[in-house]
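Look at the two complexes coming up: chain A is in both, with chain B in one and chain C in the other.
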Partner chain A sequence: MTEYLIRRTLQSVLVLVLISLFTFMLIHAAPGGPRQIFLSPGLSPEVAKIQAHNMGLDRPLPLQYLSWVGDLLRGDLGYTFKNNIPVGEIIWPTVKNTMVLMGAAWLLSLVIAIPWGIYNSTAEYGLSDHTASFLSYIGFAMPTFWFGIILQEIFALKLDWLPLSDMYTIGKKGDIGNLIYHLVLPVTVLSLGFLAGYMKYARASMLEVLDQDYIRTARAKGLKERRVVFRHALRNALIPIITVIGLDLPILVSGAALTESVFNWPGMGRLFVQMAVAREYSVLMAIALITAVFVIVGNFVADIMYAIVDPRVKLSRRGGAAA
Partner chain B sequence: MSPTVSTAPSRGDRANVVTRAPGAWRTGWKKFKRNRLAVTGLIVLGFFILVALFTPLIAPYDPAKIDMMFPNLPAGSGNHLLGTDDLGRDIFSRLLYSSRISLLVGFSVAVAAVAIGTLIGAISGYFGGWIDSFFMRLVDVMNSIPLLFLNILVLAIFGSKFSYMILILSLTGWMSVARLVRGTFLQLREMQYVEAARAIGVSDWGIIFRHLLRNASAPIIVNATLMVGNAILSESGLSYLGLGIQMPQTSWGLMLSNAQAYMLIDPMQAVYPGLCILIVVLAVNFIGDGIRDAMDPRKKTLLTGRRFDRWRQSFLKSKT
Partner chain C sequence: MKSPNKFTVLLSVFALAGALLTGCNSNNKANSSSSASPSAPASEASSSASASPSASPSADANQPVDGGNLVISSFSDVVNLNPIYIQDTASQETANFILSYLYDLDRHGSVVADPWSLAAELPTISSDGLTYTVKLRPEAKWSDGQPVTADDLIFTIQTAINKDAGSPLISTLDKIEKMTKVDDHTVDIKLKSVYAPFLYSLHLQLAPSHVLKDVPVKDLVKNPYGADIAKTVTNGPWKWTEWQKGQYLTFEADPNYWGSVKPHIQKLTYKIYADQNTEIQAILKGEADLTSAVPLPLLDTVKANKNLNVILAPGPQYEYLGFNFKDDNFPDKWSPFKGQKTRQAIAYALNRQGMVDNILKGTGALMNAPFLPGSWADPGDEAVNYSYDPEKAKALLAEDGWKAGKDGILEKDGHKFSFELQYNAGNSRREQVAAVIQQNLKDVGIEVTPKAIDFSAWVEQNLTPGKYPAILMGWSLSTPDPDAESIFSSKYFPPAGQNQGWYKNEKLDDLWVKGYSTVDQSERAAIYKEVGKEISTDLPYVFLYQYGLPEAVSTKVQYAEDDKPEPTIAYGYFYHIINWWVK
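And then the complex of A and B:
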C-alpha cells in the first residue's frame, strides 16, 4: 500500500509538472509571444523594453518558467494586467460558488440516478426503463446551454416563478433561501446531463452482476428477490459505480463554464470565459492549474476508494487494476 | 444481459451459406437495418447532409444580409418562413447555412481525432515499453485539463478561426480512441495469427494495419460516430461563448447567443437552432448505438424489437 501510494504520488507530481509546462508553453507559443500579451499596448519601444525587463520577460525561457513555478509554490498566482489585482483574490471566491452549484447538481443527480438505475435493472424494458433511456438519450444529445435558455424563457420570463440569473437578488447576499431559489434552474440543467450518464451506468453495472452465477445460486436456494438484489447484487454492482463517481469529482470545480455563462453564475467557469475574452493570461493559467490539481486528486481518491470497496484489488501489485 | 436468441437463417441466408458465409459487415448491416432507432437516425442525418449540400439552392436569402427595416419579424410574415432576427437577417436561411458549419465541424473533427487516436493507440499498444508509457502519460495530462477550458484557452490565445477550431477540437478529442485502440491491441497482439504473421515475415506496420486494425475497427467506428455528436456540441458551445464561429459566418451556437439577448422580444428565435442541434446529435448517437449493437458478436438477435419483445414475453411465461 505505501509503495503504491509513493509511486502514485510521484506519478501525480509528474503529471502536474507536465501540465504546468504545457500551459506555460502555450502562452509563449501565442502569436507575438508573451511580450505582446503582457505588455500594455501603445508603449514606445524603450518603455516596453524597461517594462519587459521589470516583468522578467527578457530572461531565458527556462528561467522564466522556474520563477513562475516558484511563485506558484509559494501560493502566489500572479497579478492581472488590468488593475494589477492578485489573481488569487479573483479566483478563490468563484471556486466556492462553483462548488455550491456543482455540488448541489451532482448530489441531486446521484440521489435520483442510482436508485432509479438499480430499479430499472430489475425491470428491464419496462415503462420506467424506457423513460429513463429516453431521458438519457436527450441528456447526451442536448446542448446544456440551450436547455438553460429554454428554461429561462419558460420559468423566468413567461411564468415568472424563478429568477432569471445570478446567485443572489441584489441586497440579499448570503441569504440561504434566496440562494436555493436561484439554484433551481441551473441545477436542473446540470442534473439532466449527470443523470443521463449515472443512470445508464448504474443500470449496466447491475445487469452485469445480476447475470452472474452466484446470483442464480442465491435465487436457487430460495432467497427473496429483494435480498438477492440488495444484499448480493448491489454490493458488487456498486464497485464500478463508486469508481466512476470518484473520477467525476473534479467536475465539481470545472464542469460548468457554459451553464454558468447562461445563468450568469459567478463561478470559475464563467470567470474563465470572461478572462479568455479579456486575455488575462495569468488568471487563465492559474485556473487551468487549479482544475488540474483537482482532477489529479480526484483520480487518486477514486483509485483508493476502488481498493477499499473491492478487496480483490491489491494496490501494491504492479499493473493491477488500479494502475 | 438480455437473453440472446440465435434464429435459424432464413431461406435467403441458407443459399448464401452454401456459397459463402456472410461477412461481418453484411450481418452487421442486416442487424442494423432491423434497429428502428438507428435507421431513423440514418434517414434524419442523411436529410441534414442533403440540406447542407444544397443550401445555396434552397436558402431564400443571403444569411448575412442585414435589413434593419424588418428586425425581429415573427415566423411566417413578410416572406420569411421563420421570421427575422435582431438585425433583420432571415432565420431560416441562417439555420440552413449553420447546418453546413455544424456538420463540417462534426465530421472533420471526428475523422481527424480518430486518425490521431488510432495511430497513437496502435503504436503504444503494439510496441509497448517506453513508447507506451510516454503516450499514456500524455493521455493522462490531456485528461487532467478540462477540455472545454483548454479549447477556450487556445482559441483565446490564437484567435477564433474556423480552422483553429477544427484543429483544437481534434487535438483534444483523440484520447478516448487512443485508449480504446491500445486496449484492443494489447489483447490482440498475443493472438496466434499475429505470431503466425510475424513468423512469415510480415513487418510490424503490416501487422498493425492489415491484421490488428481490422479486428479493432468496429469499436473505432462506434467511437467515431459518437465523436461527431460531441464535436457538434462543442462547436455550438464555443460559438455560444463567442469563441467559435465569428460574425459574418453563422452557426447554431452563435444564433443561440444572439437569441438569448432578444429573449423578451421573440422567444421562438432560441428554439429553432437548439432543436436543430438536438435532432442532429440525437440522430448521430442513434446511429452509433445501432452500429455498436450490430457489430457486437454477443448480440446474436436478428429479431426486430417488437418480435423480440413478444418472444421474451412468451419465454418469461414459459419460465413461470
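And then the complex of A and C:
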C-alpha cells in the first residue's frame, strides 16, 4: 500500500506539471492577451509597449512560465495583470461558493439517486422505474443552462417565488435562510443532471450483479431476498458507482461554468469564464491547477474507496500487485 | 473611456462584450443573438423618448428625497479606479461616482463648470489661444480632509504625459508645453500650439498628489491606489465602501462631501452579472434598477415591463464601411476603391435606411459625416446624403470604367471587383449589416466576402497595421469635439496613426489643421461644414449610421427634466445622477 501511495504521488506531481505546462501553452496560443481590454487602434504602439512591460508580458514565454512555477512553489499564485490583485484573494472565495452549490446538488442527488436506482433494479419496468427512466432522459438530454433559464422564467419572473440569481441578497451575506432560498433553483438544475447519471449507474450496476452466479447461489441457499440484495449484491454493485462518484469529485470545486453563469453564482466556474474573457492568465492557470489537483485527489479517493469496498482489490494491493 | 479620446475605437466595450458573447454563445441561446454592442436608437430619437409616456418619470410636485439604494447592473467588473489608468467602461462608470471632474459636459456635449466640478468657472484662454488658466474651487476636498489643489492637477497631468507611466491619457494631454502653478488653486497650462479640442481634455479626473507624489512613476500602475478601498481617497459625492470582486461594488453618499449640491441617493450598488442575458433578467425582475445597454433582441421584452422606463436615442458612435486605398492589401496588388465615382456608387448601392429600419429596428439614424449629429459642428445638409439608388450606382460604376465580366461581376483593367469585408466576430449587428452589404453590392455587380475575425486578433493583425481590403467598423464620438484629423489625415498612416485605410486627401488634410487652429467656435463650425461637404463627396468611408444603446431604468428612479439621462453623450446614462432620487 505504501509503495502504491508513493508511486501514485509521484505520478500525480508529473501529471500536474504536464497539465500546467499544457494549459500555459494553450492559454498563450489564444489570440489577444491580458492587454486586449486595453486594445484599441487608437493606442500608440509606444504606450502599448510600456503597458505590456508593466504587466510583465514582454518577457519570453518560457521565462514567464518558470517565474510562475517559482512563485507557486513559494505558495504564491501570482497577481492579476490588470490590477495587481493577489490571485488567491480572487479564487478562494469562489472555491467556497462553488463547493456550497455543487456540494448541495451532489449530496441531494446521491441521497435520491442511489436508493432509487437500487429499488428500481429490484422492481424492473415498474412504475417507479419508468418514472426514473423518464427523468433520466430529461436530465441527460436537457442542457442545464437552458433548464435553468426555464426555471428562472417560471419561478423567479412569472411566479416570483424564488430569487432569480446570486448567492445572497445584497447585505444578507452569511444568512443561511437567504442562502437556501437562493440555492433552490440552481441545485434543482444541477441535481437533475447528476441524478440521471447516478440513478442509471446504480440500477444498471445492481442488475448486472443480480444476474451473477453467486447471487443465484445465495438465493439457492434460501437467503431472504432482502439479505441477498443488501448483503451480497449491493456491496459488489457499489464498486462502479463509487468510481463514477470519485471521478465526479473535482466538479465540486471546478463548478459548472454554465449554470453558475446563468444563476450569477459567484463560483469558480463563472470566475473561469470571466477571467478567460479578460485573459487573466495567472487566474486561469491557478484555476486549472486547482482543478487538476482535485481530479487527481478524486481519482485517488475513488481508488481507496474501491479498496475499502472490494475485498479483492484490498488483497491484491496488499500483495503489492497494484493494477 | 476616461480619456475623452474620441477616436478610441468602440473599444473595450466591444472587446469585452464581443469576447464575452463568443465565450457564452454555447452557454446561452438568448445571448448569442444579442450584438456585442447592442445598437439602438433613433432617428426620431427625441420624439420617441418623449412619446413614451413613462420616459420622464418625475413630475414637478415630486420633491427629491434623500436615502435609498440604486442598483446599477453591468457585465464586467471594475479593473482599477486610479484616474490616470482607467481605460475600461466599468471602471470609468464607477469612478464617476467617487471622483469629480475638473470640468463636466452638459447635455449638448459642451464643457461646463457644474456645481460639482472641481473648477469654479470655465478656463480663461489667452488671446493667442495658447494658455488656459484653470481655477479650482477652494472648498474642494479629498475624503481624507486634504484640499484639492493645483498640485493635484499638475501631478495628474505630469504623470499622464510621462511615457514611463503608460497612461492612456497621454494622447489627449501631450499638446501641453508646460504648466505653471500660479497659486494653490490656479494653474496656467500652456500648449505647444493652438489646439481647440484641448478644452475637452480638461474633462478630467484628478489623482491625489499628496498620496501618490512619492511613488516612482514606473511603480504607479501597481500602487494600491484605485484598487484598495482603504488606500483610495476620493473627492466625489459618493465614497467607495465595498468591492466583492466579480460580484458587486458599493458606494455611499459621503457625509463630508465638499460640494454645495449633495447627492440624494444614499447608496449605489454596481452589480456584476455573468453576461448580458443574466443582467437583463435581473432588470426585468427588479433585482437591478438600471442598465445602460439593453441588447436589441431583448428590447421588446424590456419595453413591455411596466416597472421600467426605456430611453432610446442615438448614441455617440457611428458605423462605417471603410475602404483600403493601399494596393498591397489586395490579393492582386490593386485597390479597386481608388475611383471617387466607384466609392460614390457603393454609397448609392447600399440600402442604409433599410439597415436602420430593419437591423437597428428603426432606432438608429443615418449619418453622412463623422460628426456628432446635433452638435455645433454637425454639417447637416452640407454633407451629401446618398439615397438607395442601385441604378445610379450602376451608372457611376460604368462611368468609372467598370464592365461586367462573364460571370456578371464587374471588371476593370483586368481586375475583378471582388473584395473581403472584415468585421469582429460575435457582433451580430455587424454580421447582419455585412450580409446586407454583400447582397446590395451583388445587385450592382460587386462581389463581397464577409469575414468575421476575433476582435483582439483583428485589432492586432489588421486594424493597427492597416492591413485589410475593407472593414465594417465603428468609431466612438465620446468627445463631442469634431476634430478627426488623426483618423482621416495622411499624417496619421499606420502603424502609429489611425488612418488605417491609407486615405489621402490634401484638401482635407489642410482643413483638419485649420479646424483646430482657432478657438473661435463659429469659425470652427464653418470649417467643419466644409469638411463635411468634402468628406461626404470623396468618401474615405461610406458613413452608415449613428447608433445608440437603449437604457432601461426602474420607475422608482426619479429625476427632474433637466437631469434626465442623456444618451447622446458618453456616460450620459448617469447624467446628473447627483440630482436623482429613488422612491
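Assume the second predicted complex is superposed on the first by the 275 of 323 C-alpha atoms of A that agree within 3 Å, B and C clash if a C-alpha of one lies under 4 Å from a C-alpha of the other, contacts with A are read in each partner's own complex, and residues count from 1 in each chain.
The rule is short, and it goes like this: a contact is a pair of C-beta atoms (placed from the backbone, for glycine too) under 8 Å apart; a residue touches a chain by one contact, two chains touch by 3 or more.
Quick caveat: nothing in here was measured; it's all calculated off a predicted structure.
Q: Figure out whether A:Val15 sits in contact with chain B (first) or chain C (second), or with both, or with neither.
A: Touch partner of A:Val15: chain B, not chain C.
Q: Per the contact definition in the header, classify A:Asp213: touching chain B only (first), chain C only (second), both, or neither.
A: A:Asp213: touches no partner chain.
Q: May I ask you to decide whether A:Val47 touches chain B, chain C, both, or neither, giving the answer as first, second, both or neither?
A: The second partner, chain C, only.
Q: I'd like to know which partner A:Gln152 touches here: chain B for first, chain C for second, both or neither.
A: A:Gln152: touches chain B and chain C.
Q: Tell me the contact category for A:Pro266 with respect to chain B and chain C: first, second, both or neither.
A: second
Q: After lining up the shared chain so the two structures overlap, which partner does A:Val295 touch, if you call chain B first and chain C second: first, second, both or neither?
A: The first partner, chain B, only.
Q: Contact-wise, after the overlay, does A:Ile90 reach chain B, chain C, both or neither (first, second, both, neither)?
A: A:Ile90 contacts chain C only, not chain B.
Q: Based on the superposed arrangement, let me know which partner A:Leu284 touches: chain B (first), chain C (second), both, or neither?
A: first
Q: Of the residues on chain A, which ones does chain B touch that chain C also touches?
A: 31, 145-146, 149, 152, 157, 257-258, 261-262, 273, 276-277
Q: Sort out for me which residues of chain B touch chain A in the complex.
A: Residues of chain B touching chain A: 1-2, 137, 140-141, 143-146, 148-150, 152-159, 229, 233, 236-237, 240-243, 253, 256, 259-260, 263-264, 267, 270-271, 273-274, 277-278, 281-282, 285-286, 309, 312.
Q: Which stretch or stretches of chain C touch chain A in the complex?
A: Residues in contact with chain A: 5, 7-9, 11-12, 15-16, 19-20, 23-24, 26-30, 71, 76-77, 79-80, 87-88, 163-168, 170-171, 218, 221-222, 224, 226-227, 244-248, 250, 269, 271, 273-275, 277-278, 281-282, 284-285, 287, 454-457, 459-460, 463-464, 486, 495-496, 498, 500.
Q: Where on chain A is chain B touching in the complex?
A: It comes out as residues 14-15, 18-19, 22-23, 26-27, 29-31, 124-125, 137-138, 140-143, 145-147, 149-150, 152-153, 157-158, 207-208, 211, 250, 254-255, 257-258, 261-262, 272-273, 276-277, 279, 281, 284, 287-288, 291-292, 295-296, 299.
Q: Would you mind writing out the residues of chain A in touch with chain C in their complex?
A: Touch residues, chain A against chain C: 31-33, 36-47, 50-51, 53-54, 82-85, 89-90, 93-94, 145-146, 149, 152, 156-157, 160, 163-166, 170, 257-258, 260-264, 266, 270-271, 273-274, 276-278.
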